[in-house]
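Okay, so chain A shows up in both of these, paired with chain B first and chain C after.
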Partner chain A sequence: MSLGKYFAKKLVEGTITVFVGITLAFFLFRLLPGDPTAVFLDIRLSPEAKQVLIREFGLDKPLHEQYLIFVANLLRGNLGLSFVYRGTPVSKIIFGPKLFNTLILMGSGMLLGALVASTLGLLAGWKRGSPFDRAITSVSFIGTSIPIFWVGLLVLLILGSYFKLIPMSGTISLEAIQADPLTRALDYLWHLAGPLLVITIWFLPTYLLYVRNTVVTLLGEDFIMVLKAKGLPDKVIVFKHILRHAMITIVTLMAVQSPLLVTGAIITETVFGWNGIGLLLYDSVLKSDYPVIQGVFILTIIIVVIMNLLADVAYAILDPRIRLTGRG
Partner chain B sequence: MAVVRRRGLETLKLLFKSKAFLAGFSIIVLVSAVAILADHLATYPPLEFVGRPFTPPSRRFYFGTDDMGRDIYSMTIYGTRVSLTVGIIAAALTTALGTAVGITCGMLRGIVDAFTMRVIDFLLSLPYLAVALAIVAFLKPSLWIMILIIVILSWVSTAKIVRAQTIVTLEYMFIEAAKAIGASRLYIALKHVIPNVIPVVLTSLTLNVRGAILFEASLSFLGFGDPENISWGTILFFARRSGAFTAGAWWNIVPPGLMIMITVLGFTLVSVGLDEVLNPRLRKV
Partner chain C sequence: MNYSLTSLKAKVLPIVLASLILGSILGMGLNGYLNVQAKERIVKPELRFELLSLPWFPQSDKAAEIIAKQLEKVGIKLEIRRVESSIMYPKVENFEHEAHILATSQSPNPMGMIETFHSSRARPGIGSFWCHEDPEVDRLIESIRSETDPRRLKEMLYALQEKLAKEAGFIPIYLTMSTQVLRAEWKNYTVMPGGPIEAYNIWSLLYMYKSEKPEENVFRIAFPSDIMTTNPFMAYDLRSLWVINLIYDPLLRLDKDLQVVPWLAESWEVSDDGLTYTFHLRRDVKWHDGTPFTADDVVFTFGEGMRQETTRFIGLKDIIESVEKVDEYTVRFKLKTPYPFFLLELATGYYYIVPKHIAEGVDLRKWENPEPIGTGPFKWVERVIGEYIVLVRNEDFWIKGVPKITKVIVKVIPEAESRFLAIKNGEVDTERYDTAVTLLPRAKEDPNLRVITAPGLWLIYVAFNTYNHFYDPKVFLAIHYAINRTEVVEKANAGYGYPVYTILNRYWHGEYAAPITFEYNPEKAKQLLEEAGWKDIDGDGIREYVGPTTTTPTPTETVPVVTSPTPLTPGTVTVTQITTATRTETITIPVATGGVPVELAGVLAAIIVILLIAMLVVMRRR
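Let's look at the complex of A and B:
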């Protein structure tokens, strides 16, 4: 299978998943108890505004017609109006600074976690059985049992409350909003430090254990023996050959665990008041802002599918066997 | 029958030789003891005002008090009951459903299997917490709603593992022999498939308890726990809402979190031990 064909197949599969997700969102939000039109109509809206929404989303029509209208609207980026941010389109609330903030936080956290995990995991696997390996493996093992929100609270307590190193909440300080771009950027990074640390700590142990185990397995394989017999120095073996396999492991894990990105975003952003999609979802649930919940729900499914697609491509490039057999 | 019993005994002996299993098992026994003896161990009613807000730990209040003057120690003790109950009930139902689906798909194959696998792959790509939040946005939170959400979202991994194990089992020669002497599908399922999937089901069960406890803790921490039955997650929710960390009240944050960590670690260790003894070939290096 060529790379293009392989990618096309994955793209079709991903699109199907997204559509199933949209359908699920549509029915989930309408079959749950209560008035199904309540999902779209804010009781505080004026009668005229209500009429506009009823017409736009065909709320007076039967459910299957509503579904088609819903999908058509969705493709045009129309997700309805928020209840809480009176009359603001949902798409405007989601696609803006909030999505940017979340992508920055989760993207950098995941990459930082992967980077530290590959380095430490590679070293631990290489020196397997050493005190360093045993220490790092035990800590990581315990690390997989720690709830992320607790890590967040501890970081706030120690770095925020005791040492006053990081701000207690938010994405940017009030004073910095008016300041020059450099001050603003620095202030943003200062706010990012706490949540970023938490996300990194969260991804680190699992990634690390997998990389370490991959390295240990590989060291026992024939081709490594051959490389050793050829007289290649250990450094070349580890950083050229084993690293490549370790990267496949990490990429796989990132894809499999991409639903966890959403969990991480919701919890970390809530703890640190980070103005992103996760906090938006949490606030919307508390305030029963159904159109926003629905929009974020669909967005998270799309993000997970995109993550999986990216991983599939990275995968196929890193490991040609997958593409040839069409597996994965 | 005697042979089976002896095999069971030997497996038990092997299990208790595994350090991981022994450590995990001890943790679970201790935590369960706390849950069962909660009425005797707690020093105050968990939800009552008993001291000044944010009193540091002392001989009167072992873990201090929270913003409403409630005794953190007693709350943590009673929280054990709720967290463990939800974790175990949810995991038992999850495992039962996953096992039933897994065996059915593995034995039937064909369209039913293909379709179910599609559904499973879809569910695996759902962001769990987002779905859970979307559901609690409509339903009033209670322990049963919480258990229901956990079961709906987490039976899939068990189903996948059990299905794979069922397919492997059906490849064995003795299945061929059983079929040759005219054994029915039901007979094969009960007599051969179920005993052979039990090891993976047990490992899956312990991992499901671990997952359920963490999931319950996360939902409660976000404030969607049952207000009548506070769990460890709920105590941490109170701590966040009251700004316990701004007040430097570490005693509001450390004990419930430690309990979650230790309990989850216990179940993880048991699953590692079970895997070592029961599934030596499946073991990852």
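Let's look at the complex of A and C:
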């Protein structure tokens, strides 16, 4: 199979996956109990007004008809109007400050996690069995096991409430609204500190354990033996040769986790009131805002499929055996 | 077929797990259908009700427990079941429940509450949370709707309230007390029912200030969640309406004594038959973009709002026949029938006048209105969805010298404790909606904070599903007597509330509220239940239906249930006998809703899915 043909095959598969995903996103949420017109305890709607809303949401039509309308609109690039933010297009809600906030939070968290993990993991793997290694490894195992919302609340309680180092909620303080850009940027960074710490703690242990294990495995490889035999000092071996291999592990892991950049971290964003996609998804599920939930899901599905497609193609280029057998 | 057991496990296990999850989800969705199709069983006919309650609304949820205890003493069992609103509301609306406790918001116009008892509302799925079916009540409501004589109107309102108090399965419990926590430096606010900053109360935001320096008068308010829309035609949540109220103006408003006062309409005349209302508009009003405000805007707003059937204006279609322009500053409304509450409705129904030159040709139901232009005291500046909204003072507002507030900032802070801390730290000045009673002691200790109380927005009630589950007026009357409302207010809301006995109350509806009270009297409640044929025959503390007893005479029927502190018009509300409704003969034995419970349905669906997948796997192997 030629590379072009292989790519075409993967593209068709990807398209089918996206379509199946979209269909699932449509039906799953409509099967859940809930009523988008039952909006909290506010002025209750009169029966006539409720009928207006139901017609407006298109909920008076049978499910299959709703689905066809949804697909037709989607093909025209129209994700529909939000039920909760009345009259506002879903695309405007997603592709705005919310997506930006999530990209910043998840991107910086992932990078920071990777940086710290590669340093600590490298040292731990190098000094395998030392008290340092044992401490780092056990902390990492604890880190992977504790629930993230608990970490978030703890950070809020200690840094926010006791020491008042970080703000309790949001992405901007009242004073900074309408202030000059520099003040706004600094205020934003100050608000970022809390959730960023939690997100870093979330990424860190997994990355760290991967790096450590890679280093430990590498240390037993023949080429390391050769380097040692050549009389290279340990520092050069570790920081020049092993580090590069370990980076590959990290980069692969980050590529796999890249959809998180867009979907955000539902729990962390909710705890810190970080106005991102994760918080949006949480709110929308609570309020049965189907169009927004679908929008976020479709975005996620498309990104996952694209990332997989890129990975498949990259592997096929690197390893011709894959495209020859057609098994990806 | 030679695959090892381990490989089978590795392949089947994830599938089983996945299908379990999928099955549970499907099962929950299917449950609605299963319930409907399940054959109804007739169970032991006893006074046992499943009471749905919202766990996150403490004013009603805590009241549920106290009421359940009180009713248990007279042999009525309420089993509280806490469910989220997205599950509870559809169940209640479709009359698929036994009873529920909840809150309904109050408005100065009594008609909103009254019309919920018209039998046309007794249909599942249209949005009624309770219902009542009685032709006499229907006739009363219809007469009230078009009565122009104030004395007779009041008489009929009293008669209706009394009838419903004794026959409807709707038991008012108490009106919440609004508890607004405001930074103490703010002066000159106006307290109205609903509190100093309720959506229809413009006065506080116009006259409130904290400093002589204008730039310091920035009013910052925390919202629990973002507003839903800036479209005045479609707004129905009190957060959106609060913001819209600052940007747009209605024709009329209410003053702090709930009397109608001129606003965009300077004066008005009503024809003798009560069918024509002529409004003279202010001539000095400009839209925020500088365009003058005229009669065209009023005609456009009402005409298109009704024609396009927007949520806020669709209700007016039953009242208004036509809206026409007489001249640039005069508008004439023709009504279908005389409507005694028309001015009150215009002042309280959130009918904001929208600029024709901007909204013309727009699909008003889908109108995004990202940068609202109104005539109101504040102008729109910016909004970040889910975070904040900024408004500034309209320097050209038609009342000179106000508002004193120069800037309004709305900040979304989802968590109640965080909102309170933000007020305490001086980060915001107050919050939308009441501060939770559990936080009030801390607010009262703080000299920088002021707790402002007023009659609240929420009427806490218990409603029974009289549509298809249970109807016995005598039991409802007994429940009225068996509930100690003062104790409920004390224990459920730390005393912040007012006992309410009828569908209208004097705090919101003034003299329209009938002076009916039910004193706490469990003995009388028991007696009423006995007479109605409810006796505990199996000794479990819950009364069973044994049929009415004819042996005991019923002297209690002459005991007055109407206690009138003021003398009433003769021949109207002096009914002292407990009249039983027309439906008592067809008393229905309580029937459990039955059906398959949610959990079982989920497991069943999961098993089916697993079997299907297993079959597929096996077939593929072969």
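The rule is short, and it goes like this: the second predicted complex is superposed on the first by the 221 of 328 C-alpha atoms of A that agree within 3 Å, B and C clash if a C-alpha of one lies under 4 Å from a C-alpha of the other, contacts with A are read in each partner's own complex, and residues count from 1 in each chain.
Note that contacts are C-beta pairs under 8 Å (C-beta built on N, C-alpha and C of every residue); 3 or more make two chains touch, one makes a residue touch a chain.
Keep in mind that this is a model prediction, so the values were computed, not measured.
Touch criterion met: A:153 reaches chain B, while chain C stays clear of it. Touch criterion not met for A:15: it reaches neither chain B nor chain C.
Of the two partner chains, chain B is the only one that A:304 touches; chain C does not reach it. Look at A:288: by the touch rule set out above, it reaches both chain B and chain C. Using the contact criterion defined above for the overlaid structures, shared-chain residue A:130 touches neither chain B nor chain C, since it reaches no partner.
By the touch criterion stated above, A:23 is placed in contact with neither chain B nor chain C. Contacts of A:178 after superposition: chain C is touched, whereas chain B is not reached. Judged by the touch definition given at the top, the superposed model places A:48 against chain C, while chain B stays out of reach. Of the two partner chains, both chain B and chain C are touched by A:168. Annotation: chain A residues 28, 32-34, 168, 270, 286, 288 touch chain B in one complex and chain C in the other.
Those residues of chain C that touch chain A in the complex are listed here as 25-26, 28-32, 54, 57, 85-87, 89-90, 93, 102-105, 112, 121, 126-129, 220, 225-226, 228-229, 231, 234-239, 241, 309-312, 314-315, 317, 365-369, 381-382, 384-388, 390, 409, 411-415, 418, 421-422, 427-428, 458. Those residues of chain A that touch chain B in the complex are listed here as 17, 20-21, 25, 28-29, 32-34, 141-142, 144-150, 153-154, 156-157, 160-162, 168, 213, 216-217, 220, 258-259, 261-263, 266-267, 270-271, 281-282, 284-286, 288, 290, 293-294, 296-297, 300-301, 304-305, 308. For chain B in complex with chain A, the residues that touch the partner chain are 121-122, 124-131, 133-139, 210, 214, 217-218, 221-223, 236, 239-240, 245-248, 250, 253-254, 257, 260-261, 264-265, 268, 284-285.
Residue ranges of chain A in contact with chain C, taken from their complex: 28, 31-35, 37-53, 56, 81, 84-89, 93, 96-98, 168-174, 177-178, 270, 273, 275, 279-280, 283, 286-288.
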